[in-house]
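Written below as structure tokens is the structure these notes are about.
As written, the chains take the letters A, B, C and D, and residue 1 is the first residue of each chain.
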Amino acid sequence: MGTHSKFGDYGGQYVPEALMPAIEELTEAYERYVLDNEDGFREEFGRRLADFGGRPTPLQRADQLSARYDTEVYLKREDLLHGGAHKLNNALGQVLLAKYMGKERIIAETGAGQHGTATAMAAAHLDMPCEIYMGETDIARQRPNVFRMRINGAEVTPVTTGRGTLKEAISETMRDWSRTVETTHYVIGSVVGPHPFPAMVRDFQAVISEEAREQCREKTSRLPDAVLACAGGGSNTMGAFDAFAGDEDVGLYAVEAGGSSLSVDEDEGVAPNSASLSTGEEGVLHGARTKVLQDSDGQIMESHSVSAGLDYAGVGPELAYLVDEGRVNAVNVDDAAALEAFHRLSREEGVIPALETAHAFGYLHERADNLGDLVVVNVSGRGDKDLETVVEETGERDIETAPDMDLFREVGGGI
Amino acid sequence: MGTHSKFGDYGGQYVPEALMPAIEELTEAYERYVLDNEDGFREEFGRRLADFGGRPTPLQRADQLSARYDTEVYLKREDLLHGGAHKLNNALGQVLLAKYMGKERIIAETGAGQHGTATAMAAAHLDMPCEIYMGETDIARQRPNVFRMRINGAEVTPVTTGRGTLKEAISETMRDWSRTVETTHYVIGSVVGPHPFPAMVRDFQAVISEEAREQCREKTSRLPDAVLACAGGGSNTMGAFDAFAGDEDVGLYAVEAGGSSLSVDEDEGVAPNSASLSTGEEGVLHGARTKVLQDSDGQIMESHSVSAGLDYAGVGPELAYLVDEGRVNAVNVDDAAALEAFHRLSREEGVIPALETAHAFGYLHERADNLGDLVVVNVSGRGDKDLETVVEETGERDIETAPDMDLFREVGGGI
Amino acid sequence: MGLEQAFDDGPAFVPYLAAGDPGYEESLAYVEALARGGADVVELGLPFSEPIAEGTTIQEAIVRALDAGMTPHRYFEFVEDLAVDVPLVCMTYYNLIYQYGTESGPRPFVERAAEVGIEGFVVPDLPAEEAGPLRAACDEFGLDLVFLVAPTTTDERLERMREQVSGYVYVQARLGTTGAREDVSDHTARSLSRIVDWDVPEAVGFGIKTGGHAERIVRAGADGVIVGSALVDIVAEGHANDDPTEEVADRLEAKARELKEGALRGAGRLEAESD
Amino acid sequence: MGLEQAFDDGPAFVPYLAAGDPGYEESLAYVEALARGGADVVELGLPFSEPIAEGTTIQEAIVRALDAGMTPHRYFEFVEDLAVDVPLVCMTYYNLIYQYGTESGPRPFVERAAEVGIEGFVVPDLPAEEAGPLRAACDEFGLDLVFLVAPTTTDERLERMREQVSGYVYVQARLGTTGAREDVSDHTARSLSRIVDWDVPEAVGFGIKTGGHAERIVRAGADGVIVGSALVDIVAEGHANDDPTEEVADRLEAKARELKEGALRGAGRLEAESD
């Protein structure tokens, strides 16, 4: 842990003046409770992560993949965390911190709904009122997650401006926060946004690599040669890497969504990928300087990925820094490879990964020969949320690893 | 653990002759590997349950419920097990046993799809071909689970006879097994069926109470006054009770589905509940003598519950016996109380339970005053699979604990 | 106990139908047609809601019969209404036997069965280990209890059955549930050889569909052939096509004759057909 | 640096519009109408794709302008095409300033802005802590850099801004993002009192909608009133109804006049209205 407002030139606090006091208050609270463990914050956080969240999550040997690649492959099973993804580590940490800060209300934005559901669960657990902003287009696309939030007692406020997706929801949440900073904490969902979010979210997620490092030594008496994690904003990524950062022989691979292509359409302002680390340029987005998918004017592009959770035009500033420094390898795989990997892991290991996670396995498949003898892959979440997308996207492609889709067509209707 | 083919008069092996050799072979394998731990079966099982399944699951204090009922309420979090329910404990145990027995193929029946998905996951994990029989009506109703099985590599064979639901699927699986006993193991999904299934499934599920008993002592320095678990076939129930069986001061409550009413319609052969322990009569069903919902002729009735996983006309013979003996209290709550409890737990604790599980919380709500100072409730599974049902059933009722359903209606369409 | 005698005159033909399939009256006519066609014993199914030992064909027959209102009480009336003089064996599942009457246990059912003239039972979900109470009731009322022997039955279990069986033994020709099949497995000869010294007749079933099958089964040493699905198929088809009862009955009678004659040929009692 | 002078003649009226909303030509006409209506400075928004500091009204104006093709390059042409002689302040987000030109950093953008005659900047996502490079470029080219002061701004941060601010200070009258509101918060007087000794004029914005609001704000001590959403509402409505550009321009001019007169009344330079 550490408190830097910057990582090299990245990071910082590019936020409206009205939010600065909240950011400063939060920075102070982060330092007091998270870093200096005042009032036993860290113990309570650890206890709740264990009892409510289900930590530690296992580090599991993947028998079939190990045989297939002739490499020891281990899975860090964040899919087993309550809610089905690593997101709860952060949401629980922030809601608890808000409680320590005396805040009375939680707000968050969500796109695919994963961060929203994690936040709603954490807020219910800690008895805090919670409001989630979500674009109306996303609400229509992600009904199960909307319902999960609602039954966890959260208000879900549809955002009707613009295209009704994540970016409008972020703006709307910022707007709420700048009206209500005194009583409200805004739970950001990844290692993005202004300081202290990138550092704080990383610290909350670092438990992934702290456990994995220990578990790997216990099970194999050594450290891995490589750690793979998918990267959207980069929170599971930083979480999976952090404790290995000082182990120079451990290769760290941030696997971004290559989407359908790495090229961009400047005229339409559309990037058919979400590979900010690989193809983005330095810029300022949502409060931080980082790598951003943008056109030559600096307008943010619409990103695209088969996986909603990776579909973001920015990336955590620390990750951008570590890539520039050469400590982290920024790589990417495309939609088809991710789908193929989704089916491969499901079928061969009995673990249905999130489509986000599947990207990491896509890279493993492409490069297993070059990753060394012992590879840890972070299974950032489970794929139940993605079934509908997978049926649709698999049907449109010729995916070798997929089951025959006839049964679904026969029975007809949606999932 | 122990091997009894009978529990009082209950249990036994009422199966077609063609299956008897398989049953005998299985009984022997159960005794050798599970009871006598030959070839280190128990260690391997325990290791795989931990690494693949995510055991131990936490015993979590429910802060809000504890305050509400002025009673210490603890949750045994089987919803965090891989796949989302206790079902994997059993499926993994049986598939592993089949492997030790040299079987080459796994079959299972499934109704709501929970046992089928657990079995498909376990089979994929252990690299065994797997075929799941499922009524075509159920296939249409439970598409997400069908898809989960398929992407885990299992064949899902639609059963088109009769009404195309669980009972036809059971018959069809028996039929397959009697053709293929030599190479195939039939993974039964609860503590039902002929010996050794009731004893064996209980032993595989007993890890729930073994852990809970230890965890309870660690956290509270005492044993609970009451343990509550929902009961369909009774596997999470027996699993949650087993280690407490000898602790006479620990009250054990098997909460059945009271459905819409405890009365039955003899003419239609329909019981609007699944409360076999409370309202059933001794009979022989699916290989065992037990309590059964049947008409006065002995024809098995169609049972009903808002929760598909409790919707079964029989119950495990050992549970029937323990109820007759007075060791276990057979109680029940109706559909509306279960729905209400579903919403209450979700909203107040941030844990969305399976509708099956919600019955146990319904009983807690009704009787918290009479259960003592420390209650453990087994959270047998998570409720993600039930979202669609809950939206529908909540909309039809006036459930006080439910969120306003307008958002769902507004956005329209199915989940 | 009279079932054994049905096998005295050479190879017996033992057809099965579900009572009440597809309706009460039709079913009476069909069973009578089988008797006319040469049945030596009729296995008359009492439909149970969970027929776990049956193939799809018979399962569907059972669903039709249940939907048409068949119950244990109606079943006994049905037996009384039947105008046949071949011995009847009641084939059903144990729960119906166990639940019948006010006193629990099999005795009331057996008593009533004896009253209406049933001579024995086949209970596919009742292995020898659980059969004590039913065997006792059968002894009390003079009825036979038939057991099934499967290709996979162990020697130890064979002994247990041998102690309790009476009437005849039902030899399952191959693995699987009931259902008509083209081939006749060579499990048959092997299975028969294992029980050759039993003192009850050996009837072979599962998968017998044609006179030719019956012939070969008997030639392999069987004392009788049991045929279910091939006959139920005729009932099902007639029902699906809405054919007049008499036509279906005629077809059943003809099929029965074919099977009976096949059996006789197998025993050298009729000239062999080239098949 | 000329912005300060715009406040010399008494309370200034500082309207905001997004350049290019809803289209290039209309937008030119609208800005010119504001000048005719009495604007002393115009804050001319350069639309950015992620306007995190704006309320819904202005966010939608930005979407319209972007959809109609507004870019930084077009923006500078727009400024050149404008026939107004009031000072222009460019209001935009830092990423657009940072990315402009081949060399990274704010210098090329500021240079070009100076060329077309822009006199200052408001950058809502650039706090004083990160403003060093932009401040330097502004100094180099003689432009002003306006900062926002919020009701929640700490004294420590006020100091940091005071060191860097020039032109005027934008006092946020209440918490929240931009957006027209009926009430004028009494945060205003309190906020103004905290910066009363700064040597730049104090313009108050957020929630000012009517001449009456403007009057009270100036009476509370403001040197000027900043009005955005109330004007953008007129543009949006005209666009929604497909009203002729001149009609909408006339409405904007009238609204500008109302606001300017309100401000003058607040300073006792026109007779007070009963409101």
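By our rule, contacts are C-beta pairs under 8 Å (C-beta built on N, C-alpha and C of every residue); 3 or more make two chains touch, one makes a residue touch a chain.
Only a predicted model underlies this, so the values are computations on that prediction, with no experimental measurement involved.
Asker: By label order, what chains touch subunit C and subunit D together?
Answerer: Common contact partners of subunit C and subunit D, which must touch each of the two, are absent.
Asker: Give the touching-connected groups of chains that are left after subunit A is excluded, with no other chain moved.
Answerer: So the groups, subunit A excluded, read B, C | D.
Asker: When the C-alpha atoms of subunit B and subunit C are each averaged to a single point, how far apart are the two points in Å?
Answerer: 37
Asker: At what distance in angstrom does the C-alpha mean of subunit B lie from that of subunit A?
Answerer: Averaging C-alpha atoms per chain gives centres 33 Å apart.
Asker: Express in whole angstrom the distance between the two chain centres, defined as the mean CA positions of subunit A and subunit C.
Answerer: Centres of subunit A and subunit C (C-alpha means) sit 65 Å apart.
Asker: Two or more other chains in contact with one residue: find those residues in subunit D.
Answerer: As it turns out, subunit D has no residue touching two or more other chains.
Asker: Where in subunit B do residues touch at least two different other chains?
Answerer: Touching at least two other chains: none.
Asker: If each chain is a node and each touching pair an edge, is that a line, ring, star, complete or other?
Answerer: Shape of the chain contacts: a line, open at both ends.
Asker: Name the touching chain pairs, please: which are they?
Answerer: Final set of chain pairs in contact is A-B, A-D, B-C.
Asker: For the complex, give me every residue of subunit A touching subunit D.
Answerer: 12-18, 20-22, 24, 161-162, 167-168, 170-171, 174-175, 178-182, 269, 281-287, 292, 294, 296-300
Asker: Quick check on the complex: what are the subunit D residues that touch subunit A?
Answerer: My answer: residues 48-56, 59-60, 63, 66, 71-73, 93-100, 104, 124-127, 129-130, 147-154, 157, 172, 175-177.
Asker: Touching residues of subunit B toward subunit A in the complex: what are they?
Answerer: Answer in residue numbers: 50-52, 54, 57-61, 63-64, 77, 79-82, 84, 120-125, 127, 136, 139-140, 143-144, 146-148, 150-153, 156, 158, 342-343, 346-352, 384, 387, 390-391, 402-403, 407-408, 411-415.
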